[in-house]
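There are two complexes below, and they share subunit A, which is joined by subunit B in the first and by subunit C in the second.
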Partner chain A sequence: MATTRILEWLGRLYIWVLLAFLYLPIIIMALMSFNVSPFYQLPFEWTKEWYASLWQNDQLISATWNSLEIAIITTIICVVLGSAASLALFRYEFRGKKFLQALLFPPIAIPWLITGTAMLIFFFGVGIGRGLFAILLGHVALALPYVIVVVSARLQTFAPELEEAARSLGANQWQVTSRVTLPWIMPGVIAGGLFAFAVSFDQFVVSYFLSTPGQTTLPVEIYAAIRKGFTPEINAVSTIIIVVSMALMLLTARFFKFGGEK
Partner chain B sequence: MAGVQVSNLSRSFGAHKALDDVSIDFADGGFYALLGPSGSGKTTLLRQIAGFDFPDSGRIAIGGESVERVPVEKRRIGMVFQNYALFPNMSVADNVAFGLSVRGEAKAIIASEVQRALDLVQLGKLGGRRPHQLSGGQRQRVALARAIVTKPRVLLLDEPLGALDKALRVDMQIELKRIQREIGITTIFVTHDQEEALTMSDRIGILRDGRLVQEGPPEEIYDRPKSEFAATFLGDANILRGDTTGTGIRLVDGTAIAAGAGATLAAGAKASCAVRPERIRIATDSGTSDPNANVLRGQISKRIFAGNNSTYFVERDGQTLKVIVQNTGIERLAEGQEVVLRWSPESTVLIAAN
Partner chain C sequence: MAGQVASGSRSGLRSALPLLLPAYLWLTVAIFLPLSAMVFFSFMTELPLSGKAWAFTLENYTTFFSQGLYWTLLLASLRLGLEVTLWCVFIGYPAAYVLAKVLKGRSREAIFLLVILPFWSNGLVRIFSWAMVLREGGILDTALNAVLPFKINIDLMYSYPAVIIGLVHSYVPYMVLTCYLTLQAIDDSLIEAGRSLGASRLQMLRWVIIPLSMPGLVAGAALIFVPVVGSFMEPRILGGRTGTFYGTVIEDQFVAVFNWPLGAALSFILLAVVLVILALASPVLRRAA
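Up next, the complex of A and B:
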C-alpha cells in the first residue's frame, strides 16, 4: 500500500514538473508583457504600455500580417493538394508509387537550414528571387509532406468498399469523394491543416533565407528586433499569438476529436 | 427489372485466369446462387456484373442491353457487400437515401421511398440511428434497403450472410427470400455455403477455377451432378470408382453397381458412381426386398449420433462410405458390426472420370 501511494505521488509530481517545464517560461513571458520594467525587474508593476506601443510598431504589425497571410494561404494550398495527393495514392496503383511515397519523408528529415539554402540558390537561379512569394513557395514545399502523411494515415482506416458501395448506388466520382470519403478523412485533413499552419507560422530558418528587409515574417522580425535591442513589445506580440493559437487549438479539439473513430 | 445474360466472359489477372469462358443466363425475377470454393471466380463474376471491373472478352447484358463497358455507377444495379459497407458518417435513413439523393430526387419523394424501404426490411423505426448502434442483422437489413430503394434492375449479393451467426443467418435467409419475392427483383447471390445455395435459390451455378462446372435448379444439381466436384461440393456424396458398363460401373472386386441417371458412357471407360449418404439403407441382414438394389457389405468403423440422425462410417474394401440414418426408433447399430448397405439405382449417378 505504501509503495503504491509513493508511486502515485511521484506520478503527480512528474506531471506538475512537466507542465511547469512546458508552460512556466510562457507564463513568465506573458506576465512580463504587463510589467513596467523592460528588464524583467521585480516587483511587478502593472502596465498596458507595451501593448499600446506595439500598436505603433508598424514593422512588427506588418510582419505579423505577413506571417498570418502566408500561413493561411500555405494551409489552404497544402490541404487541397495534400488531400488530393493522399486520395490518389490511396485509390490508384501506378508505376513508381512506392518510390513517390518514399520521397515524401526526406523533406521532413532534411534540416531546414539545408532546405533553406537550397531554395535560396534555386529561387535565384530560376529568377523568383527573395520576398513573400518565395517564402510562400518555400512554406508550401515544407508543409505539404506533413499533410500527405497525416491524411494518408487517416485513410488507412477507411474501408474501400464504402466507395464501391457509393458507386453502386449511382454516385459519380465527385459525389463519392465529397459525400463518403471526405467526411471520413476530415479529422485527418484538419489535423494536417493545423500542421501546415504551424510549420508555416513557426518557420524561421527558411523564411530568414528568403525574406528581404521590407518583406518579412514575424519570427524573422522578432529575431531582428532582439538583435537590435530587446523590448517588451516582443513579449506582448508573443502573448497575443499564444492566446490566439491556443484558443484555436482548443476549439478544433472540441469540434473534432482527434484520434477517435467517430 | 431485367434478366442478366453473361456470354463467354473471360478475365485474367496476370497469368491467373479468374474467369474462363463463362456463360450463364440469369432469368428475370429469379434468385440465382453462384457457389464455389474461394478462388473459384464467383466474386470476380459478381464484380463483373456489377461493373467494378471490365472483362477481357465476352459480353454482359442487363435487360438485353450490353453493359460490359458501362461503369458501375451507370448500370443501375443494387449491391449488398459482405461487410455491409454502410456509411459510418450517416444515419440509417441517410444511408438508405444515398442512392436517391445522388440522383437528385426531390426531398419528399426520398423521405417516403426511404420509409417504404425501411418498412420492407422491418426497420421502420430505426431511421435515426447510426450504423454503429445497430446489430449485425440490422445492418444487413439496412444494406439491403439501401440497395433496393433505387429500384435497381438487378440485385447483387456478395456473401451477405457470411458475417452473421448461425441462427440469425437462417432468419435472414427466409427474410431475404421473402423480400426478393415481394419486389420480384432478379437476384444474384454469391456464397460458399452450399446449404444457403440449396435453400434460397431457384438456380445454382457451381464455379471452379474460373469455369462454370454445372448450372441448374438445386434439385437437378443435387440429384444429377455431372462431376465428382459438383457431387461433393453441393451436398455430401459417396464416390465409387471403377470401369463403366454403360449403365453403371464394375468395382475392382467385380461387384456391379447400377446407375439410374447420369452420363451415357462407352463401356470400359473409367467412371464413378455418386450416391448421397441419406439414400443408403443400412441393415444387419441380407433380406432381399428389392432385387434391383445395389448391395455392398462392410463393417461400421464409426458412428456419430446427432440427435435426429446418426452418421455411420462403413469400411468396405479400403474405402469408407458415409451413411446417414434418421433416428426414427431407438434401435442403433454398434461400431464394429458387419452390415449390408442397399440403395436403389435411381439414387445412383454415373459420372465420367475426371
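Up next, the complex of A and C:
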C-alpha cells in the first residue's frame, strides 16, 4: 500500500500548509508589534515601545475597560438566564416548545449587520438610544442562544431518573436543582459562560452601530484607528486581544468538545 | 420525565414559564422587536424622532428596484459570497477529510483544535493582520523579493483578491468543522467494503464519501455564505475603494448618509435573501439532524 502511505503523507503536509495559512498573518502581526519600525520595515529590531505607549493612550484604555465590563456583565446575565431557560426546555413538555427552540436560531443565523442596524433603529425609537447600555442589551441577546444551546447539549447527557430519585428521597425542587442537576451540567454552564464572554468581548458589528464617541468598546476603537491609518500601537493592542481570545477558547475547549465526540 | 408529560402540557408550561420568561423577554426586546421595527421603518419617509413629519411610503423599495446601483451591489455581494464559499469548500473539505480519516488519537484532537481556534478569536483583528501581510512593502512583498531572483511588486492590498483572501481566512474553519463532523460519522468499514469490492479511490469519493458528507458541506456553505453576503468591515479594510459592496452601502446609510429608512429597506431586502437561502438549505440539514 505504498500509494496509501504517500497519500496520507500528502494529507498531513496539507494540514500543516493550512495551519500556516491560518496562523502566519497573526504571528506576523504579533512580531511587528515588537518591531522598532512603525512602517513594518525589516530587518526586525526588538522593542517594547508600542506596548509602553499603549498605556499612555487613554482612549484605548477606557475602551478596553468598557469591553471587559460589558463582557463580564453579559456573561453573568447570560449564564443565569440561559441555564434557567435550558432547564425549563429540558424538564417540561408543553405546546410551542419546538417553536421556542427554533427561535434561538435567528440571532445566530442572521448577519450581525442586519441585527445591529435593527437594534439601532429600535433602541433609538423607544428612547434607549446608543451607548454602553444599548451595547449590553445587544450583547446579551447575541450570546444568550449560544449559552442555551451549549447548556442544553450538556443536559442531553443527564439522566432525569436522578432527579426522580432525589425527589423520592425527599428532596424539594430547589434541592434537586442545586444538589443534583446543577453539579452535573456545570461543565456546560462554564463553557457557555466562556462562549458568552468571547461573543461579547470580540463583538464588533453590533457594538459599532450602537456606540457613541465617548461610549465605545475596544474593537470599535480599533476599527476607527485602522481607518485613520495604521499604527504599531494598534498592532500591540490587537496582539493582546488575539492572545486573550484564543486563550479563552482553549479554556472553553476543556469544558466543551467542539468535535462532538462524547 | 414521564410523570411530567402525563400531568399535561398546560401545567408543564406553567412550571416552565418563570424559567423561560427572562431569557425570551430579553430576546424579544433586543432581537425580535428591533427586526419588526426595521420592517416598519423601511416604509417611512423620515425618522419619526426628530419631530419631523413622516408618512408611509414605498419609495425606499422603489429606490432599490429602480436604481441599478443597489442591484449591482447586491449581485456583487452574492458573487463574493459564492466565491468565498467555493474557496472554503476546496480548501476546507480536504482538510476535514484528513482530520477525520487519516489522523488518529491525540494528534487529531490537537490539530482539530488548532484549526478551529482562530475562528473563535477576534475577526476584526485577523482581517487587520492581513493588511500587514498584503500591502506593498509588506511581509509578502519583502519575503517574495528576498527569495526570487527578479524584482516584483506585490501590492494586493485594496483589491478584490485581498478581500477574498481575508474572508476565506476568516471562514474556512467553519467548513472544516461542519465537514469534519459528518465525515467522522462515516463508518470506516463502509469505505473498506467499497474498496474491497473494487471501487477506486475516486469512485469511493464520488459515490460514497461526498454524498454522505453532504449535510456538512451544505451546513458549512450556509454558515459561510450568509455572513459573507452581509460583510462590510472586511471589504472596507482590505478592499479600499474597490471594496464597495451591499454591506458597506448599508453601513453608509446608518453612519455616514443618515438615511435610516433606506438603510432599513436595504437591510430588510438582505434579510429576505438570507432567509430564502437558509430555507433552501434546511431540507438537507434536517435530513442530517
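By our rule, the second predicted complex is superposed on the first by the 242 of 262 C-alpha atoms of A that agree within 3 Å, B and C clash if a C-alpha of one lies under 4 Å from a C-alpha of the other, contacts with A are read in each partner's own complex, and residues count from 1 in each chain.
Operating definition for what follows: a residue touches a chain if its C-beta (ideal position, glycine included) is under 8 Å from a C-beta of that chain, and two chains touch if they have at least 3 such contacts.
Small disclaimer: the values here were computed from a predicted structure and weren't measured.
When both complexes are overlaid on subunit A, subunit B and subunit C end up sitting side by side without clashing. More residues of subunit A lie in contact with C than with the other chain of the pair subunit B and subunit C. By the touch criterion stated above, A:I148 is placed in contact with subunit C alone, subunit B being left untouched. Touch criterion met: A:L162 reaches subunit B, while subunit C stays clear of it.
Of the two partner chains placed by superposition, A:K48 touches none, neither subunit B nor subunit C. Nowhere in the superposition do the C-alpha atoms of subunit B and subunit C come closer than 6 Å. Shared interface residues of subunit A, touching subunit B in one complex and subunit C in the other, are 164.
Interface residues of subunit A, counted against subunit C in their complex, comprise 7-8, 11-12, 14-15, 18-19, 21-26, 28-29, 32, 39-42, 77, 81-82, 84-85, 87-89, 91-96, 100, 103-104, 106-107, 109-115, 117-125, 137-138, 140-141, 144-145, 148, 160, 164, 198, 201-202, 204-205, 208-209, 219, 222-223, 226-227, 230, 234-235, 238, 241-242, 245-246, 248-250, 252-253, 258-261. Across the complex, subunit A is touched by residues 1, 3-5, 9-10, 12-13, 15-17, 19-20, 22-24, 26-27, 29-35, 37-38, 41, 47-49, 91, 94-95, 97-99, 102-103, 109, 111-118, 120-126, 128-133, 137-139, 142, 169, 172-173, 177, 180-181, 184, 201, 226-227, 229-233, 236-237, 247, 250-251, 254-255, 260, 263-264, 267, 270-271, 274, 278 of subunit C. Against subunit B, the residues of subunit A that register as touching in their complex are 159, 161-162, 164-172, 175, 179-180, 183-184, 262. In the complex of the two chains, the subunit B residues touching subunit A come out as 50, 52, 71-74, 76-79, 81-83, 85-89, 98-99, 102-103, 132, 146-147, 150, 156.
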